[in-house]
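Here the chain labels run A, B, C and D in written order, and each chain numbers its own residues starting at 1.
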């Protein structure tokens, strides 16, 4: 990949994604951390576009920036504000060390392997992904739905499903109306 | 194509510049004393219909929100799988139909479970 | 000129940052965010491989990423449900205090 | 006339598609020097022209929509609407903008100042990005990307988070409540929206908007005839995400002051207001592109500029949004969520399966489009009517939402001590 545009885009996005990931670490309020996380997801989606993976980029936007972002926000607001801090442990130093070691190892391997390079510039990926899902990965495609239903049922069971113990006042008059009609 | 996506980058710049200009003009009006700037503690207080604010503003929400977000995530991912399927459908019509019926069927079972468990009821 | 190694370096650095966050935070939600960053770093690496490395089926990287996104989202939804549930039972999401099964 | 249009076709002075002169300009720039050195100039010029054009269009459209919206809604409510500033009150948007700019802007003391200032700026980006992929004409797309349909949904899913930024940084219970309600509603309606668009993608086999318009041109039919159920679910679920009156629980002014923008004043409030109109216009534009043929109008696009047709369709369909806003009362959040998950989602799923079946029949038997499309149209229209009516009847949506009217005499008699 060469040319002024893609190269400068790569460096901008690299700085943006690494910077926002670091800000997730550094942010004092957890809501700020979530906002930086969403920025990280978006910049990574742009990075996927740079790698001509347009469908994966859109999937990243839709699932991570849209859905996971909302999910994390909801999970935070379900816990009270006194929990909304970063709360670092004594593992900050060792954690940094571990992260640096892993990253360093991967970088070392990346530079010391002779990759068989090619330039797979996909004009459009959706059709190819769809055919791959229909033929070669048909079974994982179905298993994904089983995984999703398992996650859904599991999470509903965990958070309580029907047996949610809310204080009745918070539910509001409309909720009581619905319950009686049922 | 990559170039078209780059044009969207220009659009992001415009998207920042457009409201940015409006805000800058508004701030400049303030600097030239055309726009009033007389804050006092009552104006800057949280507005809750005139009643004084009580307790923290970042209140805790109930779990119903989470259940909906959860269902949303699951069906969002379903759509991620179904779009490539829809585009590639022409090549493998009958086989694709069977696969999709199974795929959607399993998730409809999940929806039915949530419905049955009253997880779809707002409370 | 941007080559495969550039993307691998970015992916590795992001993975390291994710690991750092996951190891050093006590808030369960932040730990999950660290894990999401790690998964995303892996996704970036996979897409970079599928773009730059010679293969018969280069699209496989993309399909793999989609499956990773699926698993990550399922993991996040269940894990956050557990966080919410733990908070409702124990009154905290500080992982140092959720130590009932330590012994 | 045909000779004239043939003579005009694809020349820089053919203004029926404003993409032509831009294309000519870019080709001229690309030809500078030895023909490759200055491509980056051409690229930047093209990008800036596209972005500036969309920004300018959106600015003018927002100003015009303020007037149209206020005038139309007031006519629905048997009022005059703005009529003092200029003829027919035409200068009202300008007056509004001036007023908002010179109003005192307050920032709540307790709030998060950076996020508070950031939210009204960031909220413009998704709106502009959606306009970036809309085909205003055959060559008039700022960014012609191959995954445009899913891209639109993905970009739209960023708006709830910006609304959350606004609501959370205000440090106001009502703001946060409005933002959370808004997110809960937006995510619930996103699923039927995605699945209804899936029907269109499945039927046409295209995910780029220009491809879908060309498909409709090729088969000489608007997709609303072939996909009435998808059009209905898309319209309902997309308009639900706009925070306008039937579904404006994020800013329900009689319940939670003004929802997420309670603490916003002056120009920052004005930006939220403008974005709301811009989003509504984007939805009508997408609706026009996907279901009403976009810039194509049964061959008339040979004579009328394509962008004029598209703008006309967009504004006419915006009328549907105005009528919805002016006539329907606000719904409660539990009703809205019920409607999304128990009514729209099953309908959209059924639609996807029906379309898949139809495409299979069409593909496997190789029937010509002239025979099969009218049959599909009739079947789908009948099916959508039967499904909607039958679903409403059998699941009791019609019954449950209507409280029993108190009967004065019998109820009073029953309540009286004997």
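One rule holds in what follows: contacts are C-beta pairs under 8 Å (C-beta built on N, C-alpha and C of every residue); 3 or more make two chains touch, one makes a residue touch a chain.
Please read these numbers as outputs of a predicted model, since none were measured by experiment.
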{"item": "Common touching chains of subunit D and subunit C", "value": "A, B"}
{"item": "Distance-to-centre winner among chains (Cα means, whole assembly as reference)", "value": "B"}
{"item": "Subunit A-subunit D separation of Cα centroids, rounded to whole Å", "value": "27"}
{"item": "Chain centre separation in whole Å, for subunit B relative to subunit A (CA means)", "value": "15"}
{"item": "Averaged-CA centre spacing for the pair subunit C and subunit A, given as whole angstrom", "value": "7"}
{"item": "Mean-CA-position distance for subunit C and subunit B (Å)", "value": "22"}
{"item": "Residues within subunit C bordering two or more other chains", "value": "66, 69-70, 73-74, 76-77, 80-81, 84, 88"}
{"item": "Multi-partner residues of subunit A (each touching 2 or more other chains)", "value": "5-6, 52, 54-55, 59, 62-63, 66-68, 70-71, 74-75, 77-79, 123, 126, 129, 133, 144, 148, 151-152, 155-156, 159-160, 174-175, 178"}
{"item": "Of all residues in subunit B, the ones touching two or more other chains", "value": "1, 3, 5-6, 9, 58, 61, 63, 65-66, 69-74, 76-77, 79-81, 83, 86-87, 89, 96, 104, 121-123"}
{"item": "Chain pairs in mutual contact under the definition given at the outset", "value": "A-B, A-C, A-D, B-C, B-D"}
{"item": "Residue numbers on subunit B that touch subunit C, as the complex places them", "value": "63, 66, 70, 73-74, 76-77, 80-81"}
{"item": "Subunit D to subunit A touching residues, read off their complex", "value": "40, 43, 112, 115, 145-147, 150-151, 153-155, 157-158, 160-161, 164-165, 168, 176, 180, 183, 187, 190, 207, 332, 334, 400"}
{"item": "Complex contacts: residues of subunit A adjacent to subunit C", "value": "1-2, 6-7, 10, 14, 17-18, 21-22, 24-25, 30, 33-34, 37, 40-41, 44, 47-48, 51-53, 55-56, 59-60, 63-64, 67-68, 71-72, 74-76, 78-79, 83, 85-89, 91-92, 94-96, 98-100, 102-104, 106-107, 110-111, 115-122, 125, 128-129, 132-133, 136-137, 140, 144, 147-148, 150-152, 154-156, 158-160, 165"}
{"item": "Contact footprint of subunit D on subunit B as seen in their complex", "value": "1, 3-20, 22-23, 25-26, 29-30, 34-39, 41, 43-49, 53, 57-59, 61, 65, 68-69, 71-72, 75-76, 79, 82-83, 86-87, 89-90, 93-94, 96-97, 100-101, 104, 108, 111, 115, 120-123"}
{"item": "Partner subunit A, residues of subunit C touching it in the complex", "value": "1-27, 29-30, 32-34, 36-37, 40, 43-44, 47-48, 50-55, 57-63, 65-67, 69-78, 80-85, 87-88, 92-94, 96"}
